[in-house]
Amino acid sequence: MPEQEEPLSPRREHWREIVFEAETPAGRRFNIVLLWLIGLSVVAVMLESVPEIAAKYAAPLRIAEWVFTGIFTAEYFLRLYLIRHPLRYARSFYGIVDLLSVLPAYVALLLPGAHALLVIRILRMLRMFRVFKMVRHVNGAELLVRALYSGRAKITVFFSFMLAITVIAGTLMYLIEGPEGGFTSIPTAIYWAIVTITTLGFGDITPGTPLGRMLTSVLVLTGYAIIAVPTGIVSAEISRLDGSDTTDACPSCGVCGHLADAKFCRRCGAPMA
Amino acid sequence: MPEQEEPLSPRREHWREIVFEAETPAGRRFNIVLLWLIGLSVVAVMLESVPEIAAKYAAPLRIAEWVFTGIFTAEYFLRLYLIRHPLRYARSFYGIVDLLSVLPAYVALLLPGAHALLVIRILRMLRMFRVFKMVRHVNGAELLVRALYSGRAKITVFFSFMLAITVIAGTLMYLIEGPEGGFTSIPTAIYWAIVTITTLGFGDITPGTPLGRMLTSVLVLTGYAIIAVPTGIVSAEISRLDGSDTTDACPSCGVCGHLADAKFCRRCGAPMA
Amino acid sequence: MPEQEEPLSPRREHWREIVFEAETPAGRRFNIVLLWLIGLSVVAVMLESVPEIAAKYAAPLRIAEWVFTGIFTAEYFLRLYLIRHPLRYARSFYGIVDLLSVLPAYVALLLPGAHALLVIRILRMLRMFRVFKMVRHVNGAELLVRALYSGRAKITVFFSFMLAITVIAGTLMYLIEGPEGGFTSIPTAIYWAIVTITTLGFGDITPGTPLGRMLTSVLVLTGYAIIAVPTGIVSAEISRLDGSDTTDACPSCGVCGHLADAKFCRRCGAPMA
Amino acid sequence: MPEQEEPLSPRREHWREIVFEAETPAGRRFNIVLLWLIGLSVVAVMLESVPEIAAKYAAPLRIAEWVFTGIFTAEYFLRLYLIRHPLRYARSFYGIVDLLSVLPAYVALLLPGAHALLVIRILRMLRMFRVFKMVRHVNGAELLVRALYSGRAKITVFFSFMLAITVIAGTLMYLIEGPEGGFTSIPTAIYWAIVTITTLGFGDITPGTPLGRMLTSVLVLTGYAIIAVPTGIVSAEISRLDGSDTTDACPSCGVCGHLADAKFCRRCGAPMA
């Protein structure tokens, strides 16, 4: 990220490398300690929510929380200080996550309970992929994200139709079963339709009339059948992307993504090596 | 749609473009306002069904409903008037949806409760894809529909077998568990079998005997295994359509299956048309 | 099926064609009437199981059942008489289904309740595919059956592992939660494990302890992840089979299943047309 | 496994072949008897856990358990004695399973209840694939394991994201619904989030507030959509492995992707090696 405009002071550069990169042994050690602290702090927040544990260990858990928050707050300011473009970092995905990882502790001073939101720290653990140089994992993640992204048009259409189906099916169930059947309002009935079409099936609201059960059967069979659609979309995208990845760039124009048996570049017509 | 038989009056043509097309700035604005009205009217119908909200805001919601219905009724007649072939529009998918979007309000004068069916207006929102020129989305939808369509033979066979399995499994459960186990009749037991084979699992009716549980296990494992079948069908169709769609044959050697952005045939190197 | 050993009498042959084939107008009419009778008889059996309906219409439903059974029994003997190899028919899939479609009515004379098994008649409706000349559907079915068949090795392995997982997970839950948690015995716990791993989730038995919930999470995530495996198997088989179907036979040696862009037969090396 | 360092005594070698290999008729018979004993012993452990059966047949089941344990213990020591490298066997997958198949019986002398763990014996039944020479099945298993293995990077990323989603969604639900809604602690809420995102849906804990139901809808739709991701990963890997496995490159022109039984290159017509 730091462009070669003007070098940082060697000392700042040295620390920047430790905090932001995981390439040097020192940076690696720093990041691994950080990951452990993050993991422990998430566990501490979770334990504090268990009544039996909170009753016994309220004080040490509260202290631990403030220690973790202190460390992470210091780390956040350190990051802001070390990097050349603090605003760019502050607005990046990890910059926002880093801020959200400490804010709930301070908010909880005014709004008790909010500190449970500290579990958002778990998002910081996604840094792990970079720390452990899991390049292959990151490639995997990238492929997934690209497959979802390149299939987004189809996925949008798919969810629009699903929304229309659940709104209409929910309203019909509201009319058929009515409040005495548990379908107390159209929004509740739409919630039920989503629970049904996704085959979740909590069973907190269930149809009691023959007509309602018939509509339920149609709805869940629809869900069971169209579960195929996003699967098909994403599979097809992954196959396509994966295939285009495995081939070489054109030696003449450098375009990638040729078919596996291409003899000529599809862009410039030069023979492939 | 309007064939060049005889031009509409310029004024009528002007308005037709605004109402039916979303190409001109005025048409775009008209359609966006319309989409907002549709969305708001659906939300109003939903809110009216929530007892707590209905108790407080019965009057304004009722007024809003009639305002929306009035606007949409006027719009429907405007569309009929503006278009060259009113009957053709009235019988088209959107023509029917537009009519069904206002009818329930009038039916509800005779049949209280029917006005909840006004949520069918949500189908009008599918027009959104055209308004926002989401051509790529429409292509996505088309591909999905075509994949489902070209796989319909296999899907029909699949659901025929599933119907046979659920009827027979349901009847067996009716015999094994009987009315005292909640399986009060064969239709109820078939409903249960559908809930089970799709892995929905409401839990409103559950097997209590060892034999019933064994049959349940077999049934759900069948459903879990054959969930693969529609998935496989649709995936294969999408792959096939996606491949064959995006490319033409090479004009020189006739080879198909080029990538979408190919400028030169990957087999013979001739330029693609 | 009838080999050309010795012709049937023209009259018997004429009737055989009507009853067994759906090629002639008469045969088509016969088979359509039969399909309607089968459908109605299945509906009658279902209705008889609904207490409210049975109370009102017990007599007509009982009469209808015996009329249907009489017709189907006569039809079964007619088929046996008309066909050249009665035993071969009697042992074929449809021969057995035809017999099982009438037997429960007679068994019910001794064993009340057995007549519900008459719903097995629904299997006779699979003949529909042939009657309506849905050749494409039958091809679809064949492709599915072939994909399942050619993937049977992988599917067997898959279900063996799933059996092992559910037996072990069920036993662990039996030890963790015990009878007071609803896991009254190991077979019950295995039933629960199957309900969980398939994501059915009735909710009739649920874990109550932290350890049980942790194991449940692992089990259902396993099921959610490996739902991919049969899907992947069947998809891959369908792709493979579908692909090999679409290409022509070699004009020289007649071998099928070439790749779409093959220029030379992969068996004999002759150029493909 | 035994390297040709120094031959075993013919007698030991003879017995080793019977016990470890299923090639000879005697070895085959030995292994089939063993499989039956394993199957029966698992059934016996299961039956003992059913209260009604245990009450009646406590003594014979207890005796059967000790007989089976005695046989399997003797068999374990026999295996250790017969094989050239006992430690290597003891540390192999099957060596550990064989030991775990008898240990619980002895542990149960001190720790009542532990003997239910004897069902781990079911893992011994995986030997069946080798005994029945189901080479094709083993290949199937190998392909599956390799597909899962070569997709492990993507699968790890996928489950990391799912963990992050369930932790955050669970915490939000804990804040929204709170202990009075059944979400008694964050770990419980995370358990609920896993049950929901996998579409398991026990229904033991369900949202009661509008906001909670909205979040549930988003969560389950996420799970319904991303159920595609592992499916896509594994499908793509299976396709790739299946394809790359079965064919070599053409020795003359180097083109890959021939069908498994190709004798001539489909591109240049040269004979395949």
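Some observations on this one:
Every chain is named by a letter (A, B, C and D) in the order it is written, and numbering of its residues begins at 1.
In this text, a residue touches a chain if its C-beta (ideal position, glycine included) is under 8 Å from a C-beta of that chain, and two chains touch if they have at least 3 such contacts.
None of the values given here were measured: they were computed from a predicted structure.
Comparing mean CA positions across the assembly, the chain most remote from subunit A is C. At the interface between subunit B and subunit C, under half of the residue numbers involved are used by both copies, so each side presents largely different positions.
As a whole-number value, the distance joining the C-alpha centres of subunit C and subunit D reads 28 Å. Subunit B and subunit D have centres, each the mean of its CA atoms, that are 40 Å apart.
For subunit D, residues touching at least two other chains, in rising order: 155, 187, 199-203, 223, 227, 231, 233, 235, 239, 257, 267.
Across the complex, subunit C meets subunit A through its residues 199, 201-203, 231, 235. Across the complex, subunit C is touched by residues 42, 45-46, 49-51, 113-114, 116-117, 119-120, 122-123, 125-126, 128-129, 134, 136-141, 143-144, 147-148, 155, 159, 162, 187-188, 191, 194-195, 198-204, 223, 227, 230-231, 233-235, 237-239, 242, 257-259, 261-269, 271-272 of subunit D. Interface residues of subunit A facing subunit B in the complex, by the touch rule stated above, are 153-158, 160-161, 163-164, 167-168, 171, 174-175, 179, 184-187, 190, 196, 199-203, 206, 210, 213-214, 216-217, 220-221, 223-225, 227-229, 231-233, 235-236, 239-240, 244, 257-259, 261-269, 271.
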